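First chain A sits with chain B, and in the next complex the same chain sits with chain C.
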Partner chain A sequence: MRLEHAELRALLPHRYPMLLLDRVEAVEPGVSLEAVKTVTGCEPCYRGIAEGEPADRYAYPASLLIESFGQGAAVLWLLSRRPGTAGLPMFTAARECVLLRPAYPGDVIRHRVRLDQVVDGAAFASGSSWIGDDKVAEFGSMMAVVRPVDAIARAS
Partner chain B sequence: MSEHDQHMAELREIVAEVLEVEPEEVADTADFVEEYEADSLRAIEILARIEKKYKVEIPQAELNEMRSLKAVHEVVARYAGWQD
Partner chain C sequence: MTAPPTFRAGTDPAQTYAAAAAPLQAVEWVEVGAGPRGGITLRAGVTVDPADVYLGGHFPQLTVYPGVFTLETLRQAVTAAVGCCAGRLPDLHRLRSARFLAPLLAGDTLTVTASLGPVADDQSFEVTAECVRGDGVRAATVRAVFRWPAPEGGV
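Coming up: the complex of A and B.
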């Protein structure tokens, strides 16, 4: 199963500038997912960088890479739940994450996500991110919990 | 090492990792919330890791009981059928 961008928007509450996935290439609900995030030079994280700054200033921020992977995990979890289940996943903890090399504008990042465990209102995912054949990050354990939609709306 | 000590050592390691302290800092009866400022999310993480490691299912209602290492051991022993 493949999900185009419009379908992602229907699943995830995130919007610009924090919707950090472009497409889901393949998903086996309850098991695994492969999602794509394309980094471009016009993203807000590159705004305001002064002229002549060194090339590594354009490394894609680790926090956004982790969030992007987490959104892939959220899609996988959402598609694995019973239809009509209420509440949104909220990312709560990342453990044993290793960033191996930075991504730059022009890179297409592929997240390979596995859903490891779901316990009453909490889910754990793991996996890795790739640019071509290069592994850019490993994610040992990402945890999310379900929160009621109205509680999230109130907090924001 | 007795079975009881072995289980306590394993549980201590799980709790320490989630609470981000050294295993030797986790005293048997220290209250997770009062001593280590644990919140409900940490508690769920401890529960999930235990379920995964020992392949047991522990109802979330037991979370209220699992406030110290000793209490965690008692709850897990009940559901995993440990005799120690």
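Coming up: the complex of A and C.
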């Protein structure tokens, strides 16, 4: 099964510029997924760099790479949830994630995500991110929950 | 091999933001102090601004400071505190553990308290951080390894 960007927008509450997946190329709901994110120089994360900074400063932020992988995990999980369980997916924990090398504008990042378990409404995922044949990140464990909007607002 | 650098303080958060790609200026102020065994301690803070372009997409119906932006706040605080080594900025290399315990919404303040270092021979250093919301609620805990990347072709 393949999901185009319109279908990702229907599944995820994230919107530009925080919707950090372009397409899901293959998914076995509840089991595994392969998703693509293309890094482009016109993303807002590049807007603030001072003129004349060297090439290494254009490394795609690790925070956004992790978020992009996490959105792949969210899609994988949400596809297997019952309809009518609406809310916002919240990233609650991570363990042993390693950033091996940065991505740059023009790179196509491919996330390979596994859904390891779902316990008491919390999902645990793991996997890796690739640019071509190079592994650029490993994700030992990422945990998320879905919370109703009003419950999040009350918790603050 | 380049000798392990010592920490140096003094970079302005706005300069840190302008020095590399970043989704937002995730630090407004940084204070740096001496730590044990050649390491340092830092405190840094930011207020969640719902007008930020990235936060507008997370989420349209309710602004929530993403957990990964707490990591971004920590990265920019660390960068502001330790500066460059051989022209390279430090970056997050290994996230040993992170727990996001309470949401940060529009107008909330986030204060990070962290201990860094000392610096290892491979130019990496451990960071342990606690993140607290303005009302005193613990929002996140992070244990991570940052490092200055070796120059291209370097070791």
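We adopt the following convention: the second predicted complex is superposed on the first by the 148 of 156 C-alpha atoms of A that agree within 3 Å, B and C clash if a C-alpha of one lies under 4 Å from a C-alpha of the other, contacts with A are read in each partner's own complex, and residues count from 1 in each chain.
Quick note on the criterion: contacts are C-beta pairs under 8 Å (C-beta built on N, C-alpha and C of every residue); 3 or more make two chains touch, one makes a residue touch a chain.
Please read these numbers as outputs of a predicted model, since none were measured by experiment.
Undergrad: Looking at A:54, would you say it contacts chain B, chain C, both, or neither? Reply first, second, both or neither.
TA: It touches chain C, and chain B stays clear.
Undergrad: Of the two partners chain B and chain C, which one touches more residues belonging to chain A?
TA: With both complexes superposed on chain A, more residues of chain A are touched by C.
Undergrad: Check whether A:145 is in contact with chain B, with chain C, with both or with neither, and answer first, second, both or neither.
TA: A:145 sits against chain B, while chain C stays out of touch.
Undergrad: Touch test for A:62: chain B only (first), chain C only (second), both, or neither?
TA: In the superposition, A:62 touches chain C alone.
Undergrad: Looking at the overlay, does A:121 come into contact with chain B only (first), chain C only (second), both, or neither?
TA: first
Undergrad: Kindly classify A:130 by the partners it touches after superposition: chain B alone (first), chain C alone (second), both, or neither?
TA: So A:130 meets neither chain B nor chain C here.
Undergrad: Going by the contact rule set out at the top, does A:92 touch chain B (first), chain C (second), both, or neither?
TA: In the superposition, A:92 touches chain B and chain C alike.
Undergrad: Return first, second, both or neither, reflecting whether A:44 touches chain B, chain C, both chains, or no partner chain.
TA: Second partner only, chain C.
Undergrad: Kindly list the residues of chain A that each of chain B and chain C touches, one partner per complex.
TA: Shared contact residues on chain A: 92-93, 95.
Undergrad: Can you check the complex and tell me which residues of chain C touch chain A?
TA: Touch list, chain C to chain A: 17-23, 25, 53-62, 64, 66-69, 71-72, 75, 87-89, 91-105, 108, 133, 149.
Undergrad: Please output the residues of chain A touching chain C within their complex, sorted ascending.
TA: 13-19, 44-46, 48-50, 53-54, 56-64, 66-67, 70, 88, 90-99, 102, 149, 152-153, 155-156
Undergrad: Within their complex, state which residues of chain A touch chain B.
TA: 92-93, 95, 116-117, 119-122, 124, 143, 145
Undergrad: Inside the complex, what are the residues of chain B that reach chain A?
TA: Listed in rising order, the residues of chain B that touch chain A are 17, 41, 44-45, 47-48, 51-52, 59-60.
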